[in-house]
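Below is one structure, written out as structure tokens, with a few remarks after it.
By letter and in written order, the chains are A, B, C and D; residue numbering begins at 1 in each of them.
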Amino acid sequence: MSTSMDPDSVGGDFADGGVLTTDFFVAWFDDIAKQVRLQRERLTALDAAIGDADHGTNLDRGFTEVGKALTDSPPTSPGQALLSAGTTLIRRVGGASGPLYGSAFRAMGKAVEEPVTLAGFAAAFDAGVVAVEQLGKAVPGDKTMVDALVPASRTLALAVRDGVGVREAFELTARAAEEGARATIPLRARKGRASYLGERSIGHEDPGAASSALIVASLATVAAVGS
Amino acid sequence: MSTSMDPDSVGGDFADGGVLTTDFFVAWFDDIAKQVRLQRERLTALDAAIGDADHGTNLDRGFTEVGKALTDSPPTSPGQALLSAGTTLIRRVGGASGPLYGSAFRAMGKAVEEPVTLAGFAAAFDAGVVAVEQLGKAVPGDKTMVDALVPASRTLALAVRDGVGVREAFELTARAAEEGARATIPLRARKGRASYLGERSIGHEDPGAASSALIVASLATVAAVGS
Amino acid sequence: MKKLINSAESMVDDALAGMAAAHPSLLVRDRVVYRASGPRAGKVGLVSGGGSGHEPLHAGFVGYGMLDAACPGEIFTSPVPDQIINATEAVDGGAGVLHIVKNYTGDVLNFEMAAELCDDVQVAGVLVNDDVAVQDSLYTAGRRGTGATLFVEKIAGALAEEGAPLREVAGMAAEVNERSRSFGIALTSCTTPAAGKPTFDLPDTQVELGIGIHGEPGRTRAPLASARELAEVAMDAIHGELPLEGDLLVMLNGMGGTPLIELYVAFAEVSAFIHGKGARVTRSLVGNYVTSLDMQGFSVTICRLDDTLTRLWDAPVETPGLRWGR
Amino acid sequence: MKKLINSAESMVDDALAGMAAAHPSLLVRDRVVYRASGPRAGKVGLVSGGGSGHEPLHAGFVGYGMLDAACPGEIFTSPVPDQIINATEAVDGGAGVLHIVKNYTGDVLNFEMAAELCDDVQVAGVLVNDDVAVQDSLYTAGRRGTGATLFVEKIAGALAEEGAPLREVAGMAAEVNERSRSFGIALTSCTTPAAGKPTFDLPDTQVELGIGIHGEPGRTRAPLASARELAEVAMDAIHGELPLEGDLLVMLNGMGGTPLIELYVAFAEVSAFIHGKGARVTRSLVGNYVTSLDMQGFSVTICRLDDTLTRLWDAPVETPGLRWGR
């Protein structure tokens, strides 16, 4: 990863002059669906340890439906893509993760303005994270997806401030999310199903934090592929 | 086993001058209870293979109760001992084996006349076997206790005809019952629960035939101990 | 073995204590479960019984519109004559008593012995033998009694409640049995508490076809298949003996360890099969009614209804295991 | 994994098809189960829902005297807002609709989203949180909703049937919840069809104490013990939060894979415990009502009755899972 990369050359297929196109968002959801399918068993196993063994199934169902929705009614703007994905998740997933991720993408979709610069995306992303925090009333350290999303958003904002290019910014963000997810392992859950386990929730990675890391990782993957 | 043994010397504690005393019958039921307890798991396992996995438990419960009944109201005659045992089995066992064995002992008790000579016992034993055949409507070859009891009774009758002593007669009888039980292995059941299995009953020893062999073996054991 | 019990030996008595505590409408005395209200003068009494481990059968069907008394034996072991004699004498309201007996050697022998000894009561009996997995031939003890027992108890019970005489009640019981057939499939063995381990070993990829209700292995093994395919096996077997036509009462019965959601999945297939034959499911039951301890699996029992049977099925019933109309 | 299903994906829809086929009193449309008779003008509508796998909860409690509609989600996954919105709008008879929601993050979020979007219907909600295994503190998502859900649905349903206004029905629902506490113990894990293997591994010698109804492991493990000892663990936990006194409604609930005979064994112990505290079991339920797929184990739910609650509990109910008085 070089820090001197030209933003303009990043995400070439999707990003036009450092701008994230509708195609970029569609590709993002494509990749999330692919990764969720690949990691379905892992996410479900994480949920089996401290939850009810359905997180992988839930997200697989949800992002498959997102893919269908985006194919059936191709979005004409990034905002539309995000809104459509969010609505689909809310309508199709159920459970805790459905409304949380659904609201996140909907909040992003509402916040985003065209053309989507990296700074604009970072602000929208943060709006999504805030939506999760407000809906779930979880704070960092509660051992939820918030533990992956908040550091991701913070890292992305810093990258924007530092003028880092899209690809590298997303790579840093993905790493922050991944670290946030792993950092949930020693925590004792205070929100969601895992909180019922008390002490016994310690020592396991939170499934929602893991899926958040996956979703953010897809950002980086798609940006990299597009270059 | 010598064929020239003096009947008078056999079963000394119980048999008086070749005659089977009330004590002999009490000892018989004692030994049956002991053997059933020891072989409970084996009988239940045989029943698990082609029945409902309760034959050992049924007989253990039954002969334990027989022991209690004979202790609580000590019989004053062989006939009383047999009747009491039979009634207890009918009242306490349930299942197929309860009425069958119960009726057998009751029929023996009714048929037996004092003093109980070997010939008298053989006739009473046969009355018991006939009671089983009549109640259960099974014939030899149906893969039931009848397959052990009928050859046992026949062997005992022949031993009486040949003037064989008590101990040896019972040993021969026990062997015949044991062989009859083993001979049920290749049979296909036509009576009782095992018949539901059709072909699949082949290759397993019938639990009731096995317990009949055990009951007859106790005759020989008690006669031998008593000498 | 993992069971919610105090001991294998006390299991039946402990459960009966629980039934007595849960259901003030029942009276439990000397291993017999009675209606607490006692016999009704002029009403034919209904007595059934059999091994325990099939709950709610039979004790759960004691009450208005069904049994007057149930005689629970040890696990999978028929009751003893004393229980049956006591029950028969206690429930006689002067109109006689019907013994409802599932066709198993042990049940038959013990009920026969009891009936013979009930000198002061007019006793009639009906033998339930609905299980088509067993050929009724010289080479078997005859078809087993399984799910149809519930139908017989319900419909004969309703007729008795109407005041019909013993001969009619017994005739109706026999008719229900004649019109009913069952077939069962096990996904897992049960574990009797006394044995402490599964009665049979069944690989994860296989099922037992044509099981009874005592954890006996079935007639054959087959690969584990979809609910649709398994339902078809059961329905083909039943249809072969009892052509499916007209109005049918259908019970999709769980063997004790199968959750309700799976029973509904199977019922959808059974119902579709029946419609495919041009017959109608006009009454149904889905649940764990005639069980084999913790066995996973199901059985289907079909009864061909007519107007009288439908009316008697619909008649009020008030028992722990089956209740409607009051 | 051995399940009586066609596929993990179709399981919920297949089971709903079975429910529709079995119960002409129900109407199943777009993953919502309604009373076939439709809304009654002036009656408060009751809507509940949650993940599937808890049958008969909730769909089995749709009918006269209980729910107007149930929204079944995927296995152990709360329903989505669309289902809840559709159900709420369809059952409104002009008197408003009560949402009965078990306290799980997913259920709460989805019902909240739905309630917000039901512009034309007056919606009230009750959160059921009866499970004493979870401390209701800042450090948890709060107590879980388990067995008391059935009590809330029954008693609030009876009050709604009497024509009480939404405010009163919601108040009664909250009161029943407040008066009720539960505790559950698992002997085995359940297996979700999608995961295909047991959610947790539990050695043959251990039990999970303080489980929920989604196959979540409990708070702690303990050695397998007698029904008496396990019942004591559950009852001590409940008694610690809801002192046992006066008239009690007691549910001895099976987790789906435990046969009825074992539940009665446990009920005898629970009943003895209660009498030991000087309280009375005046109403009871023993059976598999609020389940976790094929999990073996049980839960106890206790509700402190008063005359009004007793009257409403006794009021007629006619649903697939609970029926009396009609």
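What we mean here is this: contacts are C-beta pairs under 8 Å (C-beta built on N, C-alpha and C of every residue); 3 or more make two chains touch, one makes a residue touch a chain.
Quick caveat: nothing in here was measured; it's all calculated off a predicted structure.
**Q** When you check each chain against chain B and chain C, which touch both of them?
**A** Touching chain B as well as chain C, we find no chain at all.
**Q** Please identify which chain has its centre, taken as the mean of its CA atoms, farthest from the centre of chain B.
**A** Ranked by distance of C-alpha centres from chain B, the top chain is A.
**Q** Quick one: chain A and chain B, Cα centre-to-centre, how many Å?
**A** Comparing mean C-alpha positions, chain B is 77 Å from chain A.
**Q** Just curious, how far off is chain D from chain B if you go by their C-alpha centres, in Å?
**A** The mean C-alpha positions of chain B and chain D differ by 56 Å.
**Q** How many angstrom lie between the centres of chain A and chain D, each centre taken as the mean Cα position?
**A** Centre separation, chain A to chain D: 34 Å.
**Q** Scan chain B for residues touching two or more other chains and write them down.
**A** If we look for residues of chain B contacting two or more partner chains, we find none.
**Q** Give me the residues of chain C that touch two or more other chains.
**A** none
**Q** Among line, ring, star, complete and other, which one matches the pattern of chain touches?
**A** Here the contact pattern is a line, an open path with two ends.
**Q** Can you give me every chain pair that touches, using the contact definition above?
**A** In this structure, the chains touch in these pairs: A-D, B-C, C-D.
**Q** Across the complex, what residues on chain C touch chain D?
**A** Contacts found on chain C: 1-7, 11-12, 14-19, 21-22, 52-53, 55-56, 60, 187-188, 204, 207, 224, 226-228, 230, 252, 256-269, 271-272, 281, 284, 286, 288, 291, 293-294, 296-298, 318, 320, 323-326.
**Q** Quick check: in the complex, which residue numbers of chain D touch chain A?
**A** 51, 73-82, 104-106, 109-110, 113, 133-135, 138-141, 144, 192, 194-195, 199-200, 212, 214-217, 219-220
**Q** Where on chain A is chain D touching in the complex?
**A** Result: residues 44-45, 48-54, 56-58, 61, 90-100, 135-136, 188, 190-193, 195-198, 200 of chain A touch chain D.
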